[in-house]
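In the two assemblies presented below, chain A is common to both, partnered first by chain B and then by chain C.
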Partner chain A sequence: MTRATRCAVVLLALLLGLALIGPWLAPDPLDQPDLLGGALLAPSAAHWLGTDQFSRDVFARLAAGARISLGIAGGAIAIATLLGTAIGLLAGGARGRVADGLRRLIDLILGLPRLVVLLVLIAGLGTLTPATLALVLGATGWPAIARLVRGETLRLRETGYVEAARALGASPRRTLWQHILPGAAAPALVAAALGVADVILLEAGLSFIGLGIQPPAPTWGGMILEARDHIAAAPWLLLAPGTALVAATITATLLGDGLRRRLLPELR
Partner chain B sequence: MTPLLEIDQLSISFPHRDGPTALAVDGVSLTISPGELVALVGESGCGKSHTGLAMLRLLPAAAELGENSVIRFDGTDLARLSDAEVRRYRGARIAMVFQDPMASLNPVMRVGDQISEAIRAHAAVTSAVARARAVELLAEVGLADPRSAVDAWPHQLSGGMRQRVMLAIALAAEPDLLVADEPTTALDVTVQAQILELIDALRQRRRMAVLLITHDLGVVAGRADRVMVMYAGRIVESATTAELFAAPRHPYTRGLFASIPRLDADGSRLVPITGTVPPPDRWPSGCRFHPRCPLAESRCGTEAPGLVATPTGHAAACWITAGSGS
Partner chain C sequence: MSGAGASVPKPPCPAIDDVTPWLFRRTLDAALSATGGILLLVALVHLLPGDPLAAVLRDHPADPATVAALRERWGTDLSLGQTMVRFVGGALRGDLGISLSAGLPVTTLLAERLGPTLLLGGLTLLINFTVGLALGLWSALRPATLRAHLLGGLTMAGYALPSFVLGLILVWVFALQLGWLPPAGYSDPLLAPDAGLGAHLLDRLRHLALPLATMVLATIAVPIRHQRAAVAETLDAPWVLAARARGVAPARLAWHHIWRPALTPIVTLLGLWLPALVAGAVFVEAVFAWPGLGTLIADATANRDVPVVIGAGAVLIIAVQCGSLIADLLYRLVDPAQRRS
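Entry: the complex of A and B
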């Protein structure tokens, strides 16, 4: 494990700690304004990260937002990876019309700007829960993984051991499942880990333009949006979710890198 | 004895959209009897590997089998079977071992699992039985510690050990014919001899026929019952190993022998065959060896000689040395 990967593991522990035990530690119950204390308070012992314009504790919102934002990112990536691996494997392993159709579908979706597709889907869905947002992000994220897995499948199909398996009478389905999937899954996992950073930023971006999870539910992107009006008076409002976002993105990227070093030894 | 495998007029072509069709294999016929070791010898690009792959119908998708090609194995013409029907022969009746043992084992599966897979692909046995059988097979192919080798990953084994594992996998379903395509080319010379020894021992113990495809006449000497020499998609000479080594009849075969270094030679220089092997889409007319042949006459460039056999079955395709067609 490199030093960068060790840093990432520590960061991951901090982020998971924030999401799991943060709400329990937070001095204020969620969304219960500390009206006595007041709005836009600077960080103090009572409010570790200060309060926002509605007198809510920023640390409590950051912790609750971690659950939502990281949960959506994890869910979306899990969906995209499963879907992308299955479709990519089929697109690379099948022949004829199925393979052609899937390849075109992948290219078509990759050719559309993802944000525009997301806006259309979200407009069609109306109100979003974290689960539906994860579903929408996963449903638009799979083609990148599918294209990678398809390429790997095509490559592995020509390797000596796949040919040897065929020579010994293995059926096409068995070859794909037993001999190609394990080899193609490693790059898919690496791409998934690296993709987590994208999804975190995408979800924050959607919340920032007001199309993600709606307030008062706390998300990191939404917190940045709300902090914008008070950037001069209360910069901690922006810094807290901003720092968390950067930390989460760096963690995902470094972990993805570490995973790649471990799973794809030919890149060493 | 009825032959186990009878290939008749096997032709394999690679049609090219805007160029000449490459005829990689052109009218090859050969037979293999049960328990016999036949060697198919030739340079790279002569079509010997495609001949081997054709037996299991493993040719690349772009390849076309000639209309008259017959691959009769144990009474069934494999050239006429569907893919699903051929699969019942692959591994079960005819097994194949490839050149590169580094590439032929799945790097993310344990050795024992890969052998078990081959066993269970053709027999309904439990995984415990298959595993026990895998240990037996590893012992049979001469791995020193089969009980620990069964749990090893491919990268933990040396090249020679991997080729032994490949042989164990090939033997898993007790095939009648083993097609070994350059099984020793990727190995060290000392290991080569051991693997050939092993293949020979296995075929005698199991009465299994072997088609040994190689570019190395030295591999053939002393082990093969019969040798077929291929050049540019055709068989140019066919004989028992003893006869071929004692008196090669085709100028190409003679050229091959002249270019082998010998320990007992008097220090004379090796004589290489001049020129290079022509590509399959530009075979020369007539006898395909004539541009490189020291004996070539005018008719060699226009008419293709057929195989002519002596009473002992030593066949060669040459107008000059074998009197083809006269």
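Entry: the complex of A and C
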């Protein structure tokens, strides 16, 4: 494990700690304003990260936002990885029209800017819950993983051990599941890990332009949007969610790199 | 620059005309990808459960005859096939439908918003691929200096900070604390229309400065890092050693022997990287209330104004496809080996 990966593990522990036990450490319950204390307070012992324009504790919102933002990112990546691996295996394992059609579909979607597809889906769906947002982010994330898995499947299909399995009479399905999937899983996992940062940033960006999970639910992107209107009076409102966002994306990127070094050492 | 190389015999160059069939095929390919992508989006919206007119009808209840007329106008109860035919037929006549929220033709809205986005995106691209490449070349040639480390830190910061956080930090420093630049907007509404070209130009530049700085800082790390890596690789090439042994001057060595071969990977990067510019445009335009396609598509999404979302999305998709076409063309110009295939 390199020093960077160790840093990332510590950061990950901090972020998960914030999400899991943070809400209990906050002085006020979520969304209960400290009316006596006041709005837009600077960080202090009573409010570690200050209060926002509605006198709500920023730390409590940051911790609750970590649950929502990291939860959505985790869900989206799980969906994208499952879909991408399944479709990639099928596209690489099948022959003829199915394989051709899937390859074209993957290339077609990868040629579109992901944000445009996301906005079209959101415009069509209307209101979003955390579950639908994770679904939409996952549904736009699978083609990158599918292309990788497809290429890996095509490569593994020609290797000696797969040929040997086929010669021993393994069915195409068994060959794909037992012999190709374990080999194609490592690059899929690495691609998934490296995609986490993108998903976190997209979710925060959508909330920032008012299209993600709607207030009063706390999200990091939404907190940055609210901080924007009070940035002259209370610049620290930007600092807390901004730092959390940067920490999360750096953690995801470093862990993804670490995973790549561990699982795919030949790619160095 | 080419004057200095006049004494060196040029390598034989393949005929120029062999690019035409390739260009034709590649253009057709780009057009098919863009059309397929846009139609995919139209089909997706159609297949999703929501009713785009529901929000309008909730805010403005109407009698059944009006509702029927509205449904007819926006084609909300057509089948998938009818919707596609209607969209393609309209698009061929230059008609992308009518905005649900503004009541104006989508093409009118797009025409209004295209200029600001092209201005911001085009300048970002220009700076990234001039200043960015120069900085990448420079930092690869002298890797161990303090300034190169500083540059590395700066690009990493741009890499890690989301563009909208970076934009807000710049607004806080340069607009609110220092008061040098306007915090948002496209032009000063109080500036008299007859104030003269110079005053208008200055005003536009002042409004452009912060969004452009945000876009550049958020994206320039990619070309710098790629150029740096590519240059570092060509530094070890045998022809560089040979040229150095012949006593070629450092400036000429950097320009002719190192930079030209290191350009190839950057040109491929240009094509891959345009979708990222689209995302940047949406978020950065939102920070600065820049009246471009990014704010148009974001506002339309919030209003569930599907025709505008599809229209603005289509323009962005076509822009990305054109960009990758140009990148492929440049790739052939830069890398002679590509011309043979």
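The rule we apply is simple: the second predicted complex is superposed on the first by the 267 of 268 C-alpha atoms of A that agree within 3 Å, B and C clash if a C-alpha of one lies under 4 Å from a C-alpha of the other, contacts with A are read in each partner's own complex, and residues count from 1 in each chain.
To be clear about the criterion, a residue touches a chain if its C-beta (ideal position, glycine included) is under 8 Å from a C-beta of that chain, and two chains touch if they have at least 3 such contacts.
Please read all numbers here as calculations on a predicted model, not as lab measurements.
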Touching partner for A:42 - first (chain B), second (chain C), both, neither: neither
Chain B versus chain C as contact partner of A:170, first or second or both or neither: first
Touched partner set for A:1, first chain B, second chain C, both or neither: neither
Chain A residues touched by each partner, larger count belonging to chain B or chain C: C
First (chain B), second (chain C), both or neither touched by A:182: first
Partner chain(s) touched by A:160 [first = chain B, second = chain C, both, neither]: first
Touching both chain B and chain C, residues of chain A: none
In the complex with chain C, residue positions of chain A that touch it: 107-109, 111-117, 119-126, 201-202, 204-205, 208-211, 224, 227-228, 231-232, 235, 238, 242, 245-246, 249-250
Residue ranges of chain C touching chain A (in the complex, touch as defined): 33, 36-37, 40-41, 44-45, 48-50, 52, 54-55, 160-162, 164-165, 168-169, 171-172, 176, 274-275, 278-279, 282-283, 286-287, 297-298, 300-302, 304-306, 309-310, 313, 316-317, 320-321, 324
Interface residues, chain A side, partner chain B - complex: 159-171, 174, 178-179, 182-183
Footprint of chain A on chain B - complex, ascending: 56, 58, 87-92, 95-96, 98, 100, 102-109, 117-118, 121-122, 166, 169-170, 172-173
